[in-house]
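Down below is the structure, laid out as structure tokens.
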Amino acid sequence: MTDNNVHADAAILEAAGEELPAKPTRPMLLVIGRVLRDPVGLLGVLIVTVMVLAAIFAPWIGWQNPYDLSQLDFMDGRLAPGSQSMSGVTYWLGTDDQGRDLFSAILYGLRTSLMVGVLSAAIALVIGTAAGLTAAYAGGRVDTLIMRVVDIQLSFPPILIALILLAVLGQGVDKIIVALVVTQWAYYARTIRGSALVERRRAYVDAARCLALPPRKVVFSHILPNCLPPLIVVATMRVAYAISLEATLSFLGIGLPVTKPSLGLLIANGFNYMMSGDYWISLFPGLALLLLIVGINLVGDTLRDVLNPRMQR
Amino acid sequence: MSAALITAEGISRRFAKHPDLAARIANKLGAHHASRVVHAVDDVSLSVNEGEVVGLVGESGCGKSTIGRIIAGIDSPSDGRILYRGEDMAKAEGARARHIALKIQMIFQDPLDSLNPRYRMGEIVREAPRYHRVAPARELEAHVDSVLERVGLDPRTKDRFPHQFSGGQRQRIGIARALAVNPELIVCDESVASLDVSIQAQIINLFMRLRRELGLSYIFISHDIGVVRHISDRVVVMYLGRVVEEAPVEELFAHANHPYTQALLREVPRLDNRHISFTPLSGEIASPLAPPPGCHFHPRCPFAMDVCKRVRPALLEIAPGHKSACHLNTEPAAAAAEA
Amino acid sequence: MPEEMKTLVVTGLRTQFNTAKGPVAAVRDVNLKVARGEIVGLVGESGSGKSVTGLSIMGLIDAPGEITAGAILLNGEDLRKASPKRLRELRGDRIAMIFQDPMMTLNPVLRIDTQMIEAIRVHDHKVGRQEARERCRDALGLVGIPSPEERLEAYPHEFSGGMRQRVAIAIAMLNRPDIIIADEPTTALDVTIQSQILAQMQKLCRDTGTALIWITHDLTVVAGLTDRVYVMYAGDVVEEAPVEDLLDRPIHPYTDGLIRSIPSHNAPGQPLNQIPGITPALDRMPAGCRFHPRCPRRTDACLEEIALRSFGPAREARCIHPLVEG
């Protein structure tokens, strides 16, 4: 040790038994692994997976296409769960007033609800991320402008904004997606701005700037990926919120057209018959909606715990 | 005389806190929310010659980190300019600007914070040389490997993430990232402060070896006077945003001129001070928000005179290469007349 | 000095953390003795177990941590056998702790006087408010806070970092404890502020007879402040000695390496003496002497467990290839 052969620096490290770090695992795989090891997370993932698969494969699982009026038999209207149809099929969840098999209708409704929820959340995510990153990176007046718009937007109840928009735009799948995006983007913008401001002050961003990397590389390769964890949590929760908001709007009759019934619309349809004892027309779509939203929220909760640096170790 | 590698001329950095919208409205209604200006760095000049190590010492709030970040191009100065071999860095454009920006790199205090947690080690080191085409594409990997070996990292660990390395290894990754773009000056901002004593020695030795092998220059920013004395050729002492003294290292430690430098050197804990009864410098470091007028140090200075409360002392050469900003070095009357 | 005269006697302390992969010992078989008014340094790098030792003595080890063996005698009373109620009585009264971050001690939403008066009256109900207040004011004055009367009414955020640490020290000193455990309280402070605080701590302990354990990684601080030093490495005390002996004639190669890696012990510009490698992780401790993989004097004999042995009065070390023979 007295001979200071500096070239032996590396060799010394090895000799001292500083082991090679173990093979790394991709962080994303680690997160998925942790979610699945958590009983609550596992339950949420199972619920969501089953429901998503059911929605995707609805045409093959449900034996009836509830939108094909030629397949509906008006004579089968409002049959109780477990009843036999004229043609000898058992309606396990009963039928609605137009003779739709509720099981098939729920599968197709799930499809619409999930599609609208995920699509609107994805579009809102992109818009909100762009706005939030711009605000955080540009700072100053741009930041003030964007964030005041966000503040104003968030001070109104989302349902009010959606109601006004739909009153102006009219009904339709595209219209409701627009309405949901408008009510949602601000949440993403605020979340990502918060984390981007934190990340921007970290030394690795200084290092990237010192290395004369262009701003777009600093923002998209360095800041954005490190803002993703909270964004993923918010996005998960927001999908659930978008689905329930869409159901609310459809229930109120200003969401989706009757020709494309989502879960909300199914609930609304059956609501008229609740008092006459035909509970199943509203109940089963309602349960499906509840299960879906609870499932997504369980996944979101677990993700938040797993991704929260303070909860680790 | 040929131009120094890097010259900082009259650098100031002010942070202004302007009243926000609410405060402006309140002002219209008769409240008084003035904008506050903090001089983090106040008219600082310093230069680094080729192959030289300049130590920058001072306590919290003295602006040593800010000046380091300005020289490294991370922050921009409010006033003053940075010259690279006589060329104003702010006036360079395009490829030339990028080329000279890469000549100055920085090593940070917290090794883990300075590494993107989502990048693998190899990508951290590879990113900048690939983007700037420091090496031809086919030689890029060999270039990265040679840099890793130079700093004592095993190229087989390129696919590991930063959190899988020890503190000392992480700092080596930061050093490799800087070296990969062939810099000439490295700004070390408290680069060994967060490391354990035995690891600290390893990293300091690495810095000194790199200097020998690559002819690197350093600005070594540290609160640890012992480390600065060991590694530096010349030392600059700062207090509340200003340079108070500058001298070759042995000259400074043998003949510290400024009362602040003297106090600082006296109070550094040393191994050979046993059971000492400390006779500390009294008083707190003033807030940079409201620095005392005149010489910033006068409220704590045992030799403070009347002039010190009013007039900012100039940084004057008192011996070859030794500058100090203290009124004790000039005739008090002359200093007063200047005012 | 007979044992019963010691303020604090720790014998065979073992503290472990129960992890998913099984228990790992952060501190194993630590013995410490501190006499009245004595200032003792506990030196080590991160992972040495020095802070865990301090927390163990205070009874502040929470799950998954656990003290599994040993005795902690404070004035002859075993703290490990004391009830939680008795421990609360003793903490802040007979034994106090100062942390690196003073906000561990201070409550950010309460005024300093509220916190300090509470700290007195919780241990002695008979003290009146006015008397308690006077004692608080005097305590602030003792640790060098200017105009203590006014500062009593301030909130923690109105103090600078150095001043906050002084307040934390004043609170620790309030009830004239028999011993204070200080865990790197000046590490985050500037040099001139550090030396002010060191000076005051030293004086307070001399004047009041309070014993002090100063936990630090910095041998240069220990040199000026302490009477006696314990050096810890990877959970073991590897050397114990009066401060002059330790710094001038270290026995253990680790102590020697630490001293020699300090820049002022090396010729300027020359490579520093360095200890190769890093402290091993708790769950991957080498067999035998835990320092042997990094040690220049190691032999195969170091693979056996090595006990502390005496090298003369008040000197012990855990090494079979010592630099100085006893």
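Order of writing sets the labels: A, B and C. Residues in every chain begin at 1.
Keep this in mind: contacts are C-beta pairs under 8 Å (C-beta built on N, C-alpha and C of every residue); 3 or more make two chains touch, one makes a residue touch a chain.
In UniProt terms the chains read A = Peptide/nickel transport system permease protein; C = Peptide/nickel transport system ATP-binding protein.
This structure is a prediction, so every number in the text was calculated from the model and none was measured.
Engineer: Just to be sure I understand: going only through chains that touch, what's the smallest number of steps from subunit B to subunit C?
Structural biologist: Counted as steps through touching chains, the separation is 1.
Engineer: Tell me, please, which two chains come out on top when C-beta pairs in contact are counted per chain pair.
Structural biologist: Looking at every pair of chains, the most contacts join B-C.
Engineer: Report the chain whose CA-based centre is farthest from the CA-based centre of subunit B.
Structural biologist: Here the answer is chain A, farthest from subunit B.
Engineer: Give me the ID of the chain with the smallest distance between its Cα centroid and the all-protein Cα centroid.
Structural biologist: B
Engineer: What's the distance between the Cα centroids of subunit B and subunit C, rounded to whole Å?
Structural biologist: Subunit B and subunit C have C-alpha centres separated by 33 Å.
Engineer: If you average the Cα atoms of subunit A and of subunit C to get two centres, how far apart are those centres in Å?
Structural biologist: Averaging C-alpha atoms per chain gives centres 51 Å apart.
Engineer: How many Å are there between the centre of subunit A and the centre of subunit B, using C-alpha atoms for each centre?
Structural biologist: Spacing between the chain centres: roughly 47 Å.
Engineer: Considering subunit C alone, which of its residues make contact with at least two other chains?
Structural biologist: 257, 271, 273-274, 276, 278 - these are the residues of subunit C that touch more than one other chain.
Engineer: For subunit B, give me the residues that contact two or more of the other chains.
Structural biologist: Residue numbers touching two or more other chains: 166, 202, 205, 208-209.
Engineer: Indicate the residues of subunit A shared as contacts by at least two other chains.
Structural biologist: Residues 4, 6, 13, 18.
Engineer: Can you list the subunit B residues touching subunit C in their complex?
Structural biologist: Within the complex, subunit B touches subunit C at residues 59-60, 166-168, 196-202, 204-205, 208-209, 223, 225-227, 229-231, 249-250, 263-264, 267-282, 284-285, 287.
Engineer: In the complex formed with subunit B, which residues of subunit C make contact?
Structural biologist: For this pair, the touching residues of subunit C are 45-46, 160-163, 190-196, 198-199, 202-203, 217-221, 223-224, 227, 243-244, 247, 257-259, 261-266, 268-269, 271-276, 278-279.
Engineer: Under the stated contact criterion, what part of subunit A meets subunit B in this complex?
Structural biologist: 4, 6-7, 9-10, 13-14, 18, 20-24, 27, 144, 202-204, 206-213, 217, 221-222, 225-226
Engineer: Which part of subunit B faces subunit A closely enough to touch in the complex?
Structural biologist: 21, 69, 72-74, 97-98, 101-102, 104-106, 108-110, 113-118, 120, 127-128, 131-132, 149, 152-154, 156-157, 159-161, 164-166, 169, 174, 177, 181, 202, 205-206, 208-209
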